[in-house]
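Shared between the two complexes below is chain A, which pairs with chain B and chain C, respectively.
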Partner chain A sequence: MQFLADLIVSGLAAGAIYGLFGMAYAAIYKATGVVNFAQGEVAMLIVYLTASVFTRIPLPFWSALLIAPLIGIATGLVLDRLVIRPMVGRPAFAIVMVTIGLAVMIRALIVLAWGSEPREFPARAGEAVLKFGGVGLYPVQLLAFAVLAVAIAAAWALLRFSRMGLAMRATAIDERTATLMGIDVRRVAAIAWAASAGVSALAGVLFASTTYVGPDLFQAGLKAFPATIVGGLDSVIGSAIGGLILGVVENLTGGYGDTALKEIAGFVAIVAVLMIRPTGLFGARDVERL
Partner chain B sequence: MRRFLPAVLAVALATGAHAQGVTDTEIKIGGSTALTGPGALVGIAHDLGEKIATAEINAAGGINGRKVVRVFEDDGYVPARTVTSVRKLLDVDKVLAITASSGTASTLAALPMMEEQGVPALQTAAPNTVMFSPMHKTLFVVGRAYGPGTTDFVKFLAARKPGAKFLAIVQDDDYGDDVQSGYEKAIGDLKLTTVGVLRYKRGQKDFAAEVLKAKQLGATVIVSGGIIAENVTIAKEARRVGLEAEIAMLWSGRLPQTIDLMGEAGNGIIAADYVGDFDEGPGKALFEKARAYLTPEELTKLNRYSLTGYVGARLLFDAIGRCGREVTRACVVAKLETTSNLDMAGLTSPISFTPDSRISDLKLRYTILDWSKKAWVPIN
Partner chain C sequence: MLRIEHLRITYGNAVEAVRDLSLDVPAGGIVALLGANGAGKSTVLKAISGVLAAEGGRIAGGDIAFEGASLRGIRADDAVRRGIVQVPEGRRLFARLTVAENLSIGGFLRGAAERADTLARILDLFPPLTDKLSRAAGLLSGGEQQMVALGRALMARPRLLMLDEPSLGLAPVITGEIFAALARLRGELGLTILLIEQNASRALALADRATVMEGGRVAASGAAAALAADPMIRAHYLGLSDSGTRRNVREAVALAPRVRWPA
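So, the complex of A and B:
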């Protein structure tokens, strides 16, 4: 029983970070109908920028959870202005290709600017192991749960109660009609990119704190992609839950099955979920009037 | 035309025609490693090791009066780029020998080209079995093969902790295959208790399930077949879940950066290696010597791969030196394969090859990580 509890809690800890990445994917998709394949790279860039700040100015770890999203929002706005805004009105496929190009550019830029050596994140969240009913967690893993909970609450409030949330949903459904209805789709896209980069900044910093800052950090974002597919690509909160599911599925597969299958468990989950619900567990169904 | 051939050859010899990469005053050698990208931690260190060896021999007058000139290419640890780099080194730079060709896949990709031209080639960073079995005439592997190295290591661990329950965590590639075969051989030879071999996907970052499984199975010694990041994560996870097992890892991850990344979780980890460290013994002496040849920034980038690069270059220089003034690729290969107990001043055990073997099989030494000193301490 303890083994099962350990596997589930460990899976949730990893899943909380997947969930944050998943929310970042979904935020952009929900507002613009585009999958940002540079999500992991954007997070990696923000982590390097944040780490540079913390190397120069020694600050406590908790402040990274404020500074990184701010850097993330700024990065998101810059990327939107330079890369995405010129593509407004173009087919979604073209924009997706641009994000792939952006991913490659960021990877190269990081190696050029910071080198390729892995290093620890300059601020530490503490190395004490906290015990909860026999299950051990590092402080940063607890923080990941808390951050995910706050992010879910904030996303729910934004989408449910704000005009911006409504505008994002309208833009995702039909950009042209949204424009005709007076919605500033460029502004919506910019806010979506900023929010997405802010959330992925949190995911990146938490992930780097449990592992390291290195030029392969982007893979964490890629790894979380199944989370958003399982949860629903157009469901920000569903993607967060998808992350938790993915983390637990991976760990249970590794714990009770063959560890070599752990890494593909997420993709098996995608196939299984999409066969039953093509829009993901929490994704909206497309309904067309005939 | 045929009747002019002896005359042409005579003129060529008289005017000092030499093997490719060799002139009256210099010998040109080349290498290709990752100087950028994630593999650069290894590649840059290797490059610097060769740089020290080259500067050292040139300061001593070169090889039989010829200065050594090095050309180094960045392949980013991408096999296709290694092929391009090696082609350039051979066809454009016209080097005599190749001292490095990144990792296993890269070396195997460039090997047909090097073999076709009879180029003496060294591999000091990845002593994988596929490099020397079957034997390749011109490729010489310096190190301890992963398989036999793991066998030695497990036997050492078994002697250190009688009655231990072993478990191995290995990567799902040729490196992992080598580690697993060496692990299983030691288990079989000494009839040790093993509770399993867990394989993981290359590039995996989360090892919670593997470590929890090791705890569930009652493992008391874990042979971690990771490279760098994997060993770091396994150590951290073991600490988190309260797994009180001894963690042992091979040389590939025994880098200064690994100590920092592991933090306190790395304390007590045991490592096997065929080279020493820059902060003790012969390595320290070499470090002091290197101050004359490297910049302060370069000195910070030295690690065990600098020692393997240095040793490989010294081996090649010795073979070239034994060819005298008539340096040819065939001669260098012949001298390399007859290298016997070449002394490396304690940096490694003496190096030997035979006409039938292309692996030097160096002796392993064992260290334990002392977190308080942030250093690998030799185990007597």
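So, the complex of A and C:
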């Protein structure tokens, strides 16, 4: 029973990071209809930039959770302006292909700028295990839960109560009509890219602090992609919950089954969920009067 | 208020959708743009509202001016900022959003106080929407959806309201209610309206002036009452017989060469 509890809690902690990545995917998809296949690479770039700051200026780990999102927002705005805005009005397929090209460019840029040797993230969250009713958690795992909870609350409030959130939801449904209502869809896309990069920065820093900073860090983002499919590609909060589900499924599969199965568990979950709910667990379905 | 001069619109530098169209919409007036499918009416609206380029079209000649300023190259959101608001063909509501959210999006560029004030007016204009504000817009009837579409446009407090086929897919009694609301809007708010409509009888009854388009060109233009009374216009461009009912299409086509485009 203790083993099961440990697997579930550590699965939720890993899932919290997947959930943050999932939210980042969904934020862009929801506002622009584009799957950003450079999500992991964008997070990796932000982690490298943040690590560079922390190498020069020794700061406590918690400050990375403020600095990385700021670097992320700036990175998202720059990428939107340089890469995405010139593509506005082009077919979604063309923009998706651009994100794939962007991913390759970022990978190459990182090796050129920082080399291919992995290194430790300069600040650590602490190694002391915190006990909660017999279940042990590292501080960074606890932080991951807290960050995901704050991110979910912020996303819910933004989408539910703000005018920009409503504009994002309208743009996601019908971009052309949204422009006819006076919504500047280019601004909506810029905000989505900035928010997405900010959230993926958090995921990247949390992930890097438990592993290392290396040129294969982007794979964390790729591995989290099933989370957003399971939760619903157009549901920011659903994608966060999808991440938690994915983390637990992976851990239980690895704990009770074969370690190799853990790697494919997420994709098995995609197939199972999509067969039952084609838009994911929390994805929006069309509303139509028959 | 809106002046179109010698407008020429092409798609992909090949298809000429609008040829030498000139049109004036005076402040407070209602102008109807009539014609069959493919006549170029909706293309004109797209050029005014700034969505033409996104569909591969471009203004190849002439100009569109709103209150003296050219609209060439304008973005759709800028057009709304200038007071030009369109009710698109087929309503195009945000089906998953509630009626209240749809209306709120219409007032995206307006402040909270203005939105609240305009919402009260819209609910006064369309009472059936009052108890449906929290329903998904996609679940409303066609007539109610058209009311939401019109209300959503009014939330932007337009100076020029453009409607693309407001009667499309609606029962005659609902169409009557929608046109009555438009007449009331003009009377109470002095709203300027550019109306695209295939229901020629309704459009001519509401409008001050009308332009009939065919194949991208102006086939006839003048006071709506005069066009409605002209037997040739009624028969060949509006598809109406003397009794006011639609003519047989084959009959209209057979008559066409005698009167259309004299050499």
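Criterion: the second predicted complex is superposed on the first by the 286 of 290 C-alpha atoms of A that agree within 3 Å, B and C clash if a C-alpha of one lies under 4 Å from a C-alpha of the other, contacts with A are read in each partner's own complex, and residues count from 1 in each chain.
Note that a residue touches a chain if its C-beta (ideal position, glycine included) is under 8 Å from a C-beta of that chain, and two chains touch if they have at least 3 such contacts.
Worth saying up front: this structure is predicted, and the values here are computed from it rather than measured.
Engineer: If you stack the two complexes on chain A, which partner ends up touching A:G89: first (chain B), second (chain C), both, or neither?
Structural biologist: Once the two structures are laid over each other on A, A:G89 reaches chain C alone.
Engineer: Give one of first, second, both or neither to describe whether A:T55 is in contact with chain B, with chain C, with both, or with none.
Structural biologist: neither
Engineer: A:G182 contacts which: chain B (first), chain C (second), both, neither?
Structural biologist: second
Engineer: Figure out whether A:A284 sits in contact with chain B (first) or chain C (second), or with both, or with neither.
Structural biologist: A:A284 contacts chain C only, not chain B.
Engineer: Please determine whether it is chain B or chain C that touches the greater number of chain A residues.
Structural biologist: Comparing chain B with chain C, the partner touching more chain A residues is B.
Engineer: When the two structures are overlaid on chain A, which partner does A:S162 contact: first (chain B), second (chain C), both, or neither?
Structural biologist: It touches nothing on chain B or chain C.
Engineer: Applying the document's definition of touch, where does A:D174 land relative to chain B and chain C: first, second, both, or neither?
Structural biologist: second
Engineer: Across the two complexes, find the residues of chain A that touch chain B and also touch chain C.
Structural biologist: Comparing the two interfaces on chain A, one with chain B and one with chain C, no residues are shared.
Engineer: In the complex of these two chains, what residues of chain A are touching chain B?
Structural biologist: Touching chain B from chain A are residues 3, 6-7, 10-11, 13-14, 111-112, 115-120, 124, 127, 129, 136-138, 210-212, 214-216, 219-220, 223, 250-251, 253-255, 258-260, 262-264.
Engineer: What part of chain B is in contact with chain A in the complex they form?
Structural biologist: These residues of chain B touch chain A: 34, 36-41, 169, 172, 198-201, 203-206, 208-210, 212-213, 216, 228-229, 232-233, 236, 239-242, 257, 260-261, 263-265.
Engineer: Applying the document's contact rule, which stretches of chain C touch chain A when the two form their complex?
Structural biologist: 49-51, 53-54, 75-77, 80-81, 85-86, 88, 92, 94-97, 101, 104-106, 108-109, 136-141, 152, 156
Engineer: Show which residues of chain A lie in contact with chain C when the two form their complex.
Structural biologist: By the definition above, chain A touches chain C via 89, 163, 166-167, 169-170, 173-174, 176-185, 284, 286-289.
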